[in-house]
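Per-chain numbering from 1; labels A, B, C and D assigned in written order.
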Amino acid sequence: MILTECTNILIRFNEADPLGIVWHGHYVRYFEDGREAFGEKYGLKYLDIFEKGFTVPVVNVQCDYKRSLRYGDRVVVETRFVDDLAAKIKFEYILTNPATGEVVAKGSSVQVFLDKETSSLQLITPAFFMEWKKTHGLV
Amino acid sequence: MILTECTNILIRFNEADPLGIVWHGHYVRYFEDGREAFGEKYGLKYLDIFEKGFTVPVVNVQCDYKRSLRYGDRVVVETRFVDDLAAKIKFEYILTNPATGEVVAKGSSVQVFLDKETSSLQLITPAFFMEWKKTHGLV
Amino acid sequence: MILTECTNILIRFNEADPLGIVWHGHYVRYFEDGREAFGEKYGLKYLDIFEKGFTVPVVNVQCDYKRSLRYGDRVVVETRFVDDLAAKIKFEYILTNPATGEVVAKGSSVQVFLDKETSSLQLITPAFFMEWKKTHGLV
Amino acid sequence: MILTECTNILIRFNEADPLGIVWHGHYVRYFEDGREAFGEKYGLKYLDIFEKGFTVPVVNVQCDYKRSLRYGDRVVVETRFVDDLAAKIKFEYILTNPATGEVVAKGSSVQVFLDKETSSLQLITPAFFMEWKKTHGLV
């Protein structure tokens, strides 16, 4: 069972740098846009998780840049859930330029669960998240 | 009695747009940098005001752009307190390129006081702010 | 003849500040999103103008903030062209929260024409822009 | 021979998110701030490299987040050059909260050389960069 969602993003003028290409730091925002679109589709938005009593800070992010994006380009972010036994949320991202079909970048992120009141790190996968996995055929 | 503070900001690569000049939206951030430097000098930072029981959202901002800034330039933000009888905090900003002495932009901002618990708008200047004005010779 | 376009923007998590509300500086970006949507509809995007030989830097921007936006909110930006005899491009922006119908902010921007090669300010409205106005029933 | 530079950054109000902590995407900007401070010290700024005929886009960035930063905190970015035989520029970053001495995050970046005119990827280390390494005792 593969859970995935695609988001279509229009590159803003102010996201391109003096060389005319999108500044690499903005990709982390595209990842978050993709993650939120995924959360919208599968009921796993920040606000959904917050209501369950947790915050999910990002503890690792990485990105490989293959090709550049320019102002006026579009980019499609495919956000893919990566199942994991640990109490973590993992995603992979594949960014494609729909005009050329070329892969622009690949990346990943890891999030952990903190109790929203005490901020204590959850070492065991929260019950709501196990339930979410069952609902989506992952366990 | 004029209260003023100058802040020196180095233009970041990622703040310039494809035309090589600083995107106009970033100036609002430079204003905030100036305001915080002013707050640091005169005891009027966001956190200082928050401790007194208020938040101070910006209700108006405006900027006139005179000349462009480029990556690698420096800009000096002069933040000047504008005294006002109303329950508001007003600032004027003069941005100068120290390499040429030319004025790059002029702007202003207006903030109001909200009770930090109830978010209710304060129509009368909070006591702590009257006190602050007295301390600095404004009333 | 009123030229106007509405854009629907989803507030990103990373656009809200520690008070949970959208940082005021981001509204300048929403204006630009609105302006580009307008340009897409009426053939007046940055790239369209650039092809005609001009850049159009913003020389004034101002915003009145009426109500706050929060993460998860949507905001509709109505971008309205304001005709002017001078060699300028003027827009007004009305930001509305579609969930409540309330006006969130109102703002405006002014742009001038620079020759893209020489950067010289155009004191007379460029021919292509007069043509554009005619096409859209403004003159 | 270890080349390293430390930069002190004040966390801006608008860099913290609704949970009061710095949004993870901003760390990529702190890395760039560190890299530029390093470049300032050792003559390896974007503009220096551009004058030699190259652009140096980031092709990989990664970050491990250990602790959170809050508005009003300071963070010290230590930027360390990682020598490599390939035609690449590699840096490691260690972010520390000077108030506690704790490591906040660790990250890295990889840049490649493109000819600034043709954008062609340089497979052999450019002569100016070998020279730079010699000057700094790395080869």
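Assume a residue touches a chain if its C-beta (ideal position, glycine included) is under 8 Å from a C-beta of that chain, and two chains touch if they have at least 3 such contacts.
Keep in mind it's a predicted model, so treat the numbers as computed, not measured.
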item: Degree value of the rotation bringing chain A onto chain B, based on Cα positions, nearest 5; value: 180
item: Centroid distance [mean C-alpha coordinates] between chain D and chain C, Å; value: 35
item: Mean-CA-position distance for chain C and chain B (Å); value: 24
item: CA centroid of chain A to CA centroid of chain C, Å; value: 30
item: Overlap residues in chain D, where contacts from two or more other chains coincide; value: 13-14, 19, 25, 29, 32, 71
item: Touch-based graph of the chains, sorted into line, ring, star, complete or other; value: complete
item: Chain C to chain A touching residues, read off their complex; value: 12-14, 29, 32-33, 36, 45-47, 71-72
item: Of all residues in chain A, those that touch chain D in their complex; value: 19, 21, 24-25, 28-29, 32, 55, 57-65, 68
item: Complex contact set, residues of chain D against chain C; value: 13-14, 16-20, 23, 25, 70-71
